[in-house]
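See below for the structure under consideration.
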Amino acid sequence: MADPVPDLGAYRPPADFTRGRPALVELLWILVEAIFVSSFLPGSWHRRALLSLFGAKIGAKVVLKPGVRVKFPWRLAIGDNSWIGERAWIDNLAPVTIGADCCVSQGAYLCTGSHDWSARGFDLITRPITLEPGAWVAARAVVGPGVTIGRGAVLGLGSVATRDLDAWTVYAGAPALPIKQRAIAP
Amino acid sequence: MADPVPDLGAYRPPADFTRGRPALVELLWILVEAIFVSSFLPGSWHRRALLSLFGAKIGAKVVLKPGVRVKFPWRLAIGDNSWIGERAWIDNLAPVTIGADCCVSQGAYLCTGSHDWSARGFDLITRPITLEPGAWVAARAVVGPGVTIGRGAVLGLGSVATRDLDAWTVYAGAPALPIKQRAIAP
Amino acid sequence: MADPVPDLGAYRPPADFTRGRPALVELLWILVEAIFVSSFLPGSWHRRALLSLFGAKIGAKVVLKPGVRVKFPWRLAIGDNSWIGERAWIDNLAPVTIGADCCVSQGAYLCTGSHDWSARGFDLITRPITLEPGAWVAARAVVGPGVTIGRGAVLGLGSVATRDLDAWTVYAGAPALPIKQRAIAP
């Protein structure tokens, strides 16, 4: 009987997975990102312009802090007024859609990729992430593949969400659990 | 009825929040930090000197490892003999006070900033962090705004503290829970 | 009575701890790592070659992504087909042994060092980490000193393991708890 251990040498990218741009464009993005976007220098304007140039949909007044990383700008949409904090990492093999008035705080990590652990070839699985308007992913928090963070929901400092978060609810912990309701004062 | 969603376009820094130094000094610090303090090159001496030059109070024999980041050196005090590990990030919009004989291990994150999620303008909230003498924030741990880590307390590897930690107590998990008492052998 | 607080000024590296190479070699590695290994540029070939040159045992077809960090290459062994993801950090004061067909995903942190919190001098403790074949440490997960991750075990996204993980078991959370069994489909 064959040993049931996975064989990563047998890994192949799934037939339905595309990188969305030619390798040369991806390489160019890697250079542009390293030099300008994830650099330590402040300023949102050039980050917005470069992400847009590579296909991201960036709303008005979006704030992009130093050290931000984006895997595929062409799979990123950010709504008006939203903020992406220092060293936030949007690892978007699959689309990441961030609504208006959202905050992704410093050091947060949005992860759209996983692997099929039951498959011998450890097949890649990619799932989009959605932040509905007014959601907040706090500093150093982690969001997993396929997660939707509901309207106005909050994922607390250093927390880990691998399931959807209900609207207007504050979550904390790893795994993230609901701890209170959120309401905006009139 | 108005939509209750937050409006980050309405965000203004609070009237009682100051950055503590002119913008030009802050920009100069950003450059100095990137080139010398958070660089990969070893050595505590130049890190101590530069942080002190920008207003930090750094005790004798403080060890500062490569990759360390400090938001506002003028809001940092570190007591004698304490260690700040590789890539530790002191995000001190509010003062961070680290007592003597403390250890902040590699990749730890001290977060002094939050937001009022009940306010339409997502108002900034800043709260100081204090490590009392002999405290240890272990690697990749996260400490939230307003937290005091009691004398000799330990926050374990990768743990997240959003509340005060009692003296001489070891905490682990996210959220951090007390798991045992600490005592120094005579 | 003397104050029981730790005295980090009294810290000395343990008599049985060696760095494994002369200081000049370690310094050279720090330079080579910063410039080539932990750089943003893609490609496994040069990372494999440089780690091997400094004493790592790297199997066939090992994938090493940008941003990877290794403390002491001479205390690292990676088996055939294994992958080390972007910005994974192998902090191997003690040996780290990664079996064949393992995956250490992006942003994961393997920590082999701790301190004796009951010792006044905060003595360094180092313990090896072992990943048995087919194990997967998912993105942003943290593994503590002395941990063995059993054959085919999975440590989920952002989870923290400070104890051994059983073979063919999936763990999640901080601290990591078993949540299901893993089986490879025939």
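So that you can tell them apart, the chains are marked A, B and C in the order they are listed, and the count of residues begins at 1 in each.
We take it that a residue touches a chain if its C-beta (ideal position, glycine included) is under 8 Å from a C-beta of that chain, and two chains touch if they have at least 3 such contacts.
Quantities reported herein were computed from a predicted structural model and do not represent experimental measurements.
Asker: Taking all residue numbers used at the chain A/chain C interface, answer same if over half belong to both copies and different if under half do.
Answerer: Different: when the shared numbers are divided by all numbers used, the fraction is under half.
Asker: As a multiple of 5 degrees, what angle does the CA superposition of chain A onto its copy chain B give?
Answerer: To map chain A onto chain B, rotate by about 120 degrees.
Asker: As a quick test, compute the distance in whole Å between the mean CA positions of chain A and chain C.
Answerer: 25
Asker: Two or more other chains touching the same residue: where does that happen in chain C?
Answerer: Touching at least two other chains: 160, 173-174.
Asker: Under the definition above, what is the set of chain B residues touching chain A in their complex?
Answerer: For this pair, the touching residues of chain B are 4-9, 27, 30, 33-34, 38, 89, 91, 109, 111, 113-115, 117-120, 122, 142, 144, 160, 162, 173-175.
Asker: Sort out for me which residues of chain A touch chain B in the complex.
Answerer: Checking each residue of chain A against chain B gives 40-42, 61, 80-83, 100-103, 106-107, 133-134, 136, 138-140, 151-152, 154, 156-160, 170, 172-174, 182-185.
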